[in-house]
């Protein structure tokens, strides 16, 4: 068998790409940890370890080389899943999520590169539909609520407790692994501070409480750097934006998808925004920075495996996702729209790939001009005269 | 309002009648159905295009087109040895039937070959000329015959009639591709295994 | 006008007849993975579905209901839809691509019928006005057609994928349909 | 680029090409082989001259084993316009004519003429130089064609054929391709650096021969030494320099046209049909030699490079020199040598056997070390990252082509433009999963083409079969009518001329009729029933 040219290759590998994306997530992870405590880190640890285990098991079952673990794709899926699951979720939520992502969405479809849907987002939606309470109660993990037998009555002043304090770490561990509480001497006192772990996005609060709540909190002088519930999201989003720009700079992702998502969302929310009317749709600011938009646009929708390929198709794909995000957020009944919108985009992607192909050299508008000259030849491709 | 009709028996009777009517309509339309099927040259042509056109008659039909016509009316697809496996696969895909192995009653898969007449032994009987379905053998009475190699389909039909057995079927070396594909995915055929077409 | 748009979008996407209401699912998996064929098939289904369900609707509204013969609705719907389907298919049979001409035809007929029957029955119980119901029918037919095309494109990808043997074929398509219906669930409440 | 713009900003004769879409900027590996001047090789002890150095038919040898040949003597002549006249590169004795492995990928093992050189280098008498300026293009073109030149860019398109297709009167632009964008190759750069005036004159000859209105010499803008040599040359009024951004497939014929004119060559067309004629700088140099010095093409400038060579340099090597001999000349280090490649690293051919001789289209020989050509990484899954689509100069979607190529969806492959792929290898270069994309495409192209050929053959068979049926039916009818009408006369007439065609046909018909009458032959009867469809009209 003859080996075909080329014999010279670029240096970047799949593992490098995936690890660069994970690195780009780090500022966002740091900021949200700084804001909301250790829950996210615990999520990530749980998700990555279980995802790697599932991946290895699948590879063994399919008689594939375990070297495929080196491509870091399972790691990235797990990180993205962990970021989207509420911090302080119990362990079984995270692990079942990574099971769905790795086994049911990735390996059943034939492993890396074959899955038409984004594994992390399918897992997220699966969890959202299966455990809606756990996935939407950002304020108080249910496990702990059951433990205290109702709501937290012994409410301690939140502001006095830093999110990074030792106490909070203990609390987060307890939330993630609730069975540990049996070894805990005094669960009641620990659980009193649960409310501080809240991380509901402003958009969710907005949707639940209406316009007034968020405006009131803003009037009360809470700026975006406040480490209070609900308002740290701007900074987190900005840090994910930073990570996304890093990816763009590194040419890991192309600008088409993030740009078209953000532009669509910005334009449509600007058009529908009516500050003084009673029907409120949320400001563009809130839509872009108030929820998971940035991470969705830069990290999730750009997942190359499930996204549309080809630049025109990518732009249309982004527009579809942007429109879906907005309509689900504003008119739909689900709170978190990015995952659903990305899934819908994934579903449309094969169709877009077919209809928005780039123009091939010598075909199309320029190619047609001289095509009457001769019937197209069947050539083996012109060799380069270099 | 209509107590009688509301009973289950009467409903069943009405249903039977409706089905009967429906069948009547279908039988009425069937005339047109068959009529149109006969005129659908394109089906036969498209099936015919998948056949190797060796005109060897191993399938039991006189040439490839009659076999294609028979297939369009429900004949089995696995009766073409010269086509190789790809022909059967393509035919079953087009006709939406289960993938089958070659019917052994019609021979085995054949390699590319060409018939050659040992010219010193030829007595010029013209029997092979008559047998050749594509007129690929030249020669006159009492004159030596020869096969036009480029036109020979290796159909095997000239070998039997030869009274002195001077025709050989020489196998051509298999064409080796220059570039080999590094890997080929096993086709999922996702759409096809669900009902399997033929089961309906 | 917005209400009609809402009804159409609602029927096509939010309460998609395939993926949310699970009617006529089998024809989703049977259609060809060639997009050209899938589009032809989708248009055909759109036509048949819309015409037959509208005819059923008119029959129900103008004949069965005034006469108090609602209990005959199923039989009438079945009869009308199958005969109409046969008529339409027969009339355009010559122009059909070969891939859907042979045995599959019968299957489309029946699967189309289950969808038609479903739409008609839902129509007969709904509170929509007549024009709204027609819009609803159109939305459903549109959703049916859209899903056939989108699934054909998806299946083209699945056909080339290295799927483990037990999941090939119908299994992976049902899983995909499940995931898609999960994501369409996200549009719930939209209309 | 900026520097070049500064230097040539006032120069009317310099223009800048457009940047092509896609493309890559691989590491060039060009400096080492450019350190020394172009050298003529000594005469190798044995020359193995392949009879098929190009894409086309092999030439017919016109010498026998044992003949003594002189330098420039014609030893093989063109079989048709797709093959070349071949001339002896040096004097010696033809030792044998037999198969030998060569570099040509389409004819890896082909007939070669072996010449054992005698070292005298005795030439055949060379006619006087020609005054090409006074000649018409009809006079010039045969001179060029007979010199046995084929395109020296690597693909090896025979010049005579290229020129034939060029005599369409509306050729307006001649582009001399000295872009040489592929890594490792420096042959054209070195040639222009040292023989700028010959190259320019050659270009003028070609321009004169094909009556092109303008002539562009395309070169990458970072080849300062070559550009300087060109700009030093005084008489270049008719030839404009076209400076290109150094991006990898900018030197491909189609990409070059795009860079020069901003227009795309319609798919399936030759450049000549668009009024553009592209020729390589090395070829132009050979044309100069053929016309001005009246010497046929027997050598070419070839780059010998790679880390395994101690003194990489450009040689003016005789056609037929063995690769191993050239490598030894440069001091090959067998320890570090891991892979030999003929051509550049992105489009070249891996040499399995270093005893192969070089041909006219061999522009580069690389004796690569393991660091230059690392072992092929195991193929990983395609993650559809789309880097290949960004690198593709033809605007294809290589990741889709890969998927369809794997599951052999030939129809979709052709629809997605597989045959517009120029196999430049940019997609494989950037692929993070190290998938040998080009190999997939090549095998798919081969498969599709063989399937089409098979289909054509079966179509021809079908047509012949239909004609056969038609003929038999007709003969049968005729025979029947004759036997019933006047059988006696017929026999008498036929007895007169027993060997006529008519007679033979009649006998066949009679035999067929007999057989049918006797057995009710299966073929005949079912042919008759099927007649309504297939016997309607003869198609053959």
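Letters A, B, C and D name the chains as they come in the text, with residue numbers starting at 1 for each one.
To be clear about the criterion, contacts are C-beta pairs under 8 Å (C-beta built on N, C-alpha and C of every residue); 3 or more make two chains touch, one makes a residue touch a chain.
All values reported here derive from a predicted model rather than from experimental measurement.
> When all chain pairs are ranked by how many C-beta pairs they have in contact, which pair ranks first?
Chains joined by the most C-beta contact pairs: A-D.
> How many angstrom between the C-alpha centroids of chain C and chain A?
One centre to the other, that is 33 Å.
> Report, in whole Å, the distance between the mean C-alpha point of chain A and the mean C-alpha point of chain D.
About 51 Å separates the centre of chain A from that of chain D.
> Let me have the rounded angstrom distance from the C-alpha centre of chain C over to the C-alpha centre of chain D, please.
Computed from C-alpha means, the inter-chain centre distance equals 55 Å.
> Hunt down the residues of chain A that sit against at least two other chains at once, touch-wise.
In chain A, 2, 4, 111, 114, 353 touch at least two other chains.
> Quick check on chain D: which residues sit in contact with 2+ other chains?
Residue numbers touching two or more other chains: 105, 406-407, 436, 439, 442, 445.
> Which residues belonging to chain B are in contact with no fewer than two other chains?
178-180, 185, 187
> Taking touching chains as linked, do they make an open path (line), a single closed cycle (ring), a hub with spokes (star), an all-linked set (complete), or other?
complete
> Given the complex with chain B, which residues does chain D contribute to the contact?
105-106, 379, 405-408, 435-436, 439-440, 442-447, 450, 454-455, 457-462, 464-465, 467-469, 471, 498-499, 504, 507-508, 511-512, 515, 522-527, 529-530, 533-534
> Please give the residue numbers of chain C that touch chain B in the complex, ascending.
Counting only chain C, the residues touching chain B are 26, 29-33, 68-69, 71-72, 75, 78-79, 82-83, 86-87, 90, 93-94, 98-99, 101-104, 106-107, 155, 158-163, 168-170, 172-173.
> Touching residues of chain A toward chain B in the complex: what are they?
1-2, 4
> Report the residues of chain B in contact with chain D in the complex, numbered from low to high.
41, 44, 48-49, 51-55, 57, 61-66, 69, 126, 129-130, 132-136, 140-141, 151, 153, 175, 177-185, 187
> Given the complex with chain A, which residues does chain D contribute to the contact?
So the residues of chain D touching chain A come out as 24, 26-27, 105, 151, 153-156, 177, 179-183, 185, 249, 251-254, 256, 258, 263-270, 273-274, 278, 280, 339, 341, 343-350, 352, 363, 368, 372-374, 376-378, 380-386, 389-390, 393-397, 399-400, 416-417, 419-425, 428-434, 436, 438-439, 442, 445, 449, 452.
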